[in-house]
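Labels A, B, C and D are assigned to the chains in the order they are written; within every chain, residues are numbered from 1.
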Amino acid sequence: MIKPYGDTLNDGKVQLSFTLPIPWSEAADEAARQLVVKMGFADVQVVEGRAVAENFSFFIVYASTPQTIDFESLAIPSVKTHKMTMDEIDALIEERVGRKIRVAGACIGTDAHTVGIDAILNMKGYQGDYGLERYKMFETFNRGSQVAVEDLVRFTKEKKIDALLASQVVTQKGSDVKNFTALVELLEAESLRDNVILCCGGPRMTSLLATELGYDAGFGRGTLPSEVAAFIATRMVHRVD
Amino acid sequence: MIKPYGDTLNDGKVQLSFTLPIPWSEAADEAARQLVVKMGFADVQVVEGRAVAENFSFFIVYASTPQTIDFESLAIPSVKTHKMTMDEIDALIEERVGRKIRVAGACIGTDAHTVGIDAILNMKGYQGDYGLERYKMFETFNRGSQVAVEDLVRFTKEKKIDALLASQVVTQKGSDVKNFTALVELLEAESLRDNVILCCGGPRMTSLLATELGYDAGFGRGTLPSEVAAFIATRMVHRVD
Amino acid sequence: MELQIDRKAVTRCRKSAAAIADPVQAFIERHSTVSVERSVLRLLGVDGVDADGAPVPNAIVESLEAGELARGVAVTFGRALVKTGLEPNALGERIASGALKLAEFRDVPKDTARDAVTGHARKALERLRTSRDERHELLQRFPQLPPPLLYMIVATGNIYEDRTAAVAAAEAGAQIIAVIRSTGQSLLDFVPYGPTTEGFGGTYATQANFAIMRAALDEVSRRLGRYVMLTNYASGLCMPEIAAMAALERLDMLLNDSMYGILFRDINMKRTFVDQHFSRKLNAASGIIINTGEDNYLTTADAVEQAPAVLASQFINEELAHRAGMPDRQIGLGDAYEIDPNLEDGFLLEVAQAQLARQIFPNSPLKYMPPTKHMTGDIFKGHLVDAMFNLTSVMTGQTIHLCGILTEAIHTPFLGDRALSLENARYIMKTARHFGEDIVPKPGGRIEARANDVLSECEILLERVAARGLMQAIEAGTFADVKRSPDGGRGFEGVFARGTDYWNPFEEMLS
Amino acid sequence: MELQIDRKAVTRCRKSAAAIADPVQAFIERHSTVSVERSVLRLLGVDGVDADGAPVPNAIVESLEAGELARGVAVTFGRALVKTGLEPNALGERIASGALKLAEFRDVPKDTARDAVTGHARKALERLRTSRDERHELLQRFPQLPPPLLYMIVATGNIYEDRTAAVAAAEAGAQIIAVIRSTGQSLLDFVPYGPTTEGFGGTYATQANFAIMRAALDEVSRRLGRYVMLTNYASGLCMPEIAAMAALERLDMLLNDSMYGILFRDINMKRTFVDQHFSRKLNAASGIIINTGEDNYLTTADAVEQAPAVLASQFINEELAHRAGMPDRQIGLGDAYEIDPNLEDGFLLEVAQAQLARQIFPNSPLKYMPPTKHMTGDIFKGHLVDAMFNLTSVMTGQTIHLCGILTEAIHTPFLGDRALSLENARYIMKTARHFGEDIVPKPGGRIEARANDVLSECEILLERVAARGLMQAIEAGTFADVKRSPDGGRGFEGVFARGTDYWNPFEEMLS
């Protein structure tokens, strides 16, 4: 069982900051303190409180949380367990799948942030790690931005896509979850879900969330193309076997 | 009832950061997320997670708190309600008390941080606001740093002090509360408590905490000398009446 | 701070920019667009939406036959004004509802129609000028703090929440408020109508929203004793219409670029060139400062490599703005602090680029954009990168300073984030207020060398573009690695050749 | 970066510093202190505590009669060595336990005693030199990153928690680890013994604690492939003893100032002058870099006003260190970034002051302290002030860089706070790595003018002190507004005049 660590094991120290919609006063500081006490923290110190506008005050607080987490027994799916190089991945596909894997990617819904999915797909890659286009054993289709879920599913069917990559960068008001869900549902409705390895990604994505949404894997901030490639290749080998 | 304000009334948005004593991994991010969920937050986003040492990871999180606080009905004692100038305060004392008020101040215990209490007492004052020594109607005794509680109480008795000011800047391991408590208890034991207006101060002090500790008033960060002077003068007038 | 730069190269760049502009300008003068015509109607006083929610100006322009459109909407509309005796707005509504058809009034003589329109056009220009004078007067009464002017964005999607956020930002020190538009509005071929409360990643630019925000900022300006400016976007398919609306509602600045829509929104280049020209004529008249979009080169590709393209675009934007009658003081050229924070000496490169622009365009108010691309969830690090941006800005005397926000990579800004951002800018700009004045870059040092490299690469780039022609150069992917064909992209169908009897009262009056 | 400063004024300042040092040095040579004598014993190998927990060196020195003390402890102790045939440590224990009395051995001839002591003293110096060579070799094998060397404090009060924190800080990029001492240790007239786990606002400086930390840092140095330095405080009543212990345990630096204890801890000035001299002789021999404490002038009074006093103190510290045989490369002169962040152009003043020191003391490793006084609970603002400090440091080529911590006003640093602090320093120092090299302060500009003002005020101050005498000047409150009398303050009773036959083997060997 672990707790946040300030300067001593298990002291539970956490830093918080927030704005309250009230003018600043000494009483506002106290309100901030009591609010953090209500959140369940102990030893609450409002170290900064000040007006940031006539009717808004900003606070910085240090406090101790009594909560703990059992890190050892957390079962967290990870898709990045073993590192593989481009050559290893190509070799694996060549040997075990025996043909190119067909991958399609797109930034779905109204989202136009293609830099992330491009980082995974484009030749150039990301942080010195080549993109899927560079691999001998992937045939990639980058569908670009603002792709409607319907169009992507149609494309998947037409081109007999093996692995489908959907990206969402805008997360405001849960738009990412909405679009990802729409994609899975449509794939299911078209009985295509089991035909594809389905991956999603974006700066707020986690493997756990992806699984919950019905995806095979999810990739978050800092993902390298080779991690995605390794996942697809390994899954594909499983399928073939 | 109010809640933290991110960009919409009552969205409850709070920023947190903390360190966990585990090496960084995707699973560590998830542990951080679950821990914040356990703290009672909703919509938890671990926006940053990284190794800061081999066995320690640092996290930045945004989340929504469901907690609210009833600001209107919070009864918070404030000692700074009405602003008065030096001349007004001197005039008030002259008229209503009719003699100089005798004030003693010290940084108690082993604490040697005198800048704060000096700011209140010294001629020069703080941020353009003159210190108590500059007032016609205060006679001040600055006892300096690392003053033992016993010495301060003895001095209070000897010099017939009207108002006693104790400062604590070091707060590590609750040393401030310990020293402040020792002072009140000794004053009570010596039956001097009711003879003095008893004030405490320091960067972490709040009026509420001071009241809980048995002080007449407590002054926190950014206190101006005139605020303390006004409080002492007003209290003294009450006593005399 | 003063760099020794190759002044002759600057002159040669300006020559190339003029050579680039010539054929574009010739094209512009022979064409108009549906959006230009809609702006003419809007300026005359036509507003409102029809039963389907389509704006009246759209309905009217769409009701014109192709042949008629080539003459411009003004005369045709003028005929109806004469015949019906209605005010433009009332007339517009009738046309939109189908109660009247423009074709009915063909027999009114052209000159009578022109006179009728000219009367209303004069009134419109009067309103523009009043609005400009009012701004001038307010700036006298409530002087702004000296530049860099702190520019802050609001982006809740709901104009009323935006108002709260904008007022709070002004109280916290912001001097310019930008209401970020709802995503995709630049691709709409009409301007939404009325106050709006549901935008996505931003709030629709509508005339009503402009008015709501302007009123709130006027109130806070009075209260704070300093004029708080308002800005929005005259970009996309409705560029000139938004310029018209902004002029009427006394916005102070507008995002307005001669090539942004082409490169970054796949809007047809002919449409864009014609639209930017008319919108800038309006901006010139209304005293609105334009902000160009060079920052986009830096956010979408490597910032170190793109520096010459940024400078080239600044030269082109300047030249095209001059041709629309804009004085330097209204040409806010764009730049951004987007070099990878982990690059050794990246700060020196940023200083070089910012100072270079300052010296080449000494009378233009430069618009300096904050780091965005390399911001991450690490708000503490992000705050520092913003600080170095703030330092560069005050050192090199930038004018319009978009405040960087520590949560850039996380969410559209919270109210508290804006306050921290403004605090950052104020602190750095005060503690280092005269630092730029107090230092000289070492002759031949890294900063000076970088500035001259960027300048000479820009010169080569502009020469190449001048030789090819701008449209052909864009087609060949010279800018931002993006290729666009002259007749491709959105909105091409709305471009038309002017007939010999084409008439646009505002163009005439503003020449 | 290079300021045009009045080089002749610098020469005159050094002359004044020499004139100031002369009478002080004469005094030093005629006196010794109990702490000096205890360090002699410690170096000879005496360690441990008696039944009451008092350190053996204290017990021995206290057992000497006044007359005997005037000769120095060495000969007396040597007599007992000869007679008992014991090793110094065993002998010390017997004396402390009362089993043996020094008075018993008066009949051993002086020369025999001296010879016995000299043998052990040679071994001690051998150990110092081995330790110095070992450092040298480790620095070759595991080279440090280039300066500014990132210096990080740990301060939990528990040496084992400190160790965790120190290792984590090293992994996060720290190059020097300072273990902050428990509050008040400087006023103890003995050095606590053994590993300690209960300090207050810091951890006791004990030889065992030094060893524990050194071992942990050696391990991490090997792992990271770069040598991580260790530092502590040779200040207060046990200055020379700590220098001895530090030398034995291969610390790399020590806080060690010629006047700090007098002004800021009310330690007797005579005691301090004598102690600092012997401690610095040891430091010189063991290759330890001293860090002086000029930052204290800035934290306790107005930083803008105190700049000349800081410079004056640097000159005095330099001169006195030279007289103890220290080469420039071991004299880490102090300075700090403590100007009010809300002062306009405060950054320019800081740059001026830091660069001035850099040019006046080109071969000394400057120690640059972060903002502390003006740090508040606003960690976001504090992080920015630290960034400007980091920038100043890398621009002006400071050597020992104490990393500022965003939670300075809140608590002794958390592990995560240190990581953010190091990240701040690394980011700024990389993005602006060669900025200082690439700029020239404008001749006669604000920065240069400030530097010359500080220099000329310092010159006046030093002249005044030289005229009066340093002790008299301190008595008159010339430094830090603090008045101290020559025979007042703590530890005066431990100062004594040397007899004609005074002998200190180390002094002799280190001359």
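Operating definition for what follows: contacts are C-beta pairs under 8 Å (C-beta built on N, C-alpha and C of every residue); 3 or more make two chains touch, one makes a residue touch a chain.
Everything numeric in this text was worked out from a predicted model, so none of it was measured.
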Intersection of the contact lists for subunit A and subunit C: B, D
Chain whose Cα centroid lies at the greatest distance from that of subunit C: D
Between B-D and B-C, the pair with more C-beta contacts: B-D
Chain centre separation in whole Å, for subunit B relative to subunit A (CA means): 43
Averaged-CA centre spacing for the pair subunit C and subunit B, given as whole angstrom: 51
Subunit B and subunit D, separation of their C-alpha mean positions in angstrom: 35
Between subunit D and subunit C, distance of the C-alpha-averaged centres to the nearest whole Å: 60
Shared interface positions of subunit B, touching two or more other chains: 5-6, 13, 15, 17-19, 45-47, 56
Of all residues in subunit D, the ones touching two or more other chains: 376-377, 380, 409, 411-412, 414-416, 420
Overall pattern in which the protein chains touch one another (line/ring/star/complete/other): complete
Residues of subunit A touching subunit D in the complex: 5-8, 13, 15, 45-48, 50, 60, 62
Residues of subunit A that touch subunit B when the two form their complex: 2, 4-6, 9, 13-22, 25-31, 33-35, 38-41, 45-47, 56, 65, 67-69, 71, 74, 76, 78, 80, 204, 206-208, 220
In the complex, subunit D residues that touch subunit A: 156, 161, 165, 376-380, 407, 409-416
Complex contact set, residues of subunit C against subunit A: 167-169, 171-172, 183-184, 200-201, 300, 376-377, 409, 411-412, 414-416, 419-420
Residues of subunit D touching subunit C in the complex: 341-348, 351, 380-381, 383-385, 387-388, 391, 406, 420, 423-424, 427-428, 430-435, 437-442, 445-447
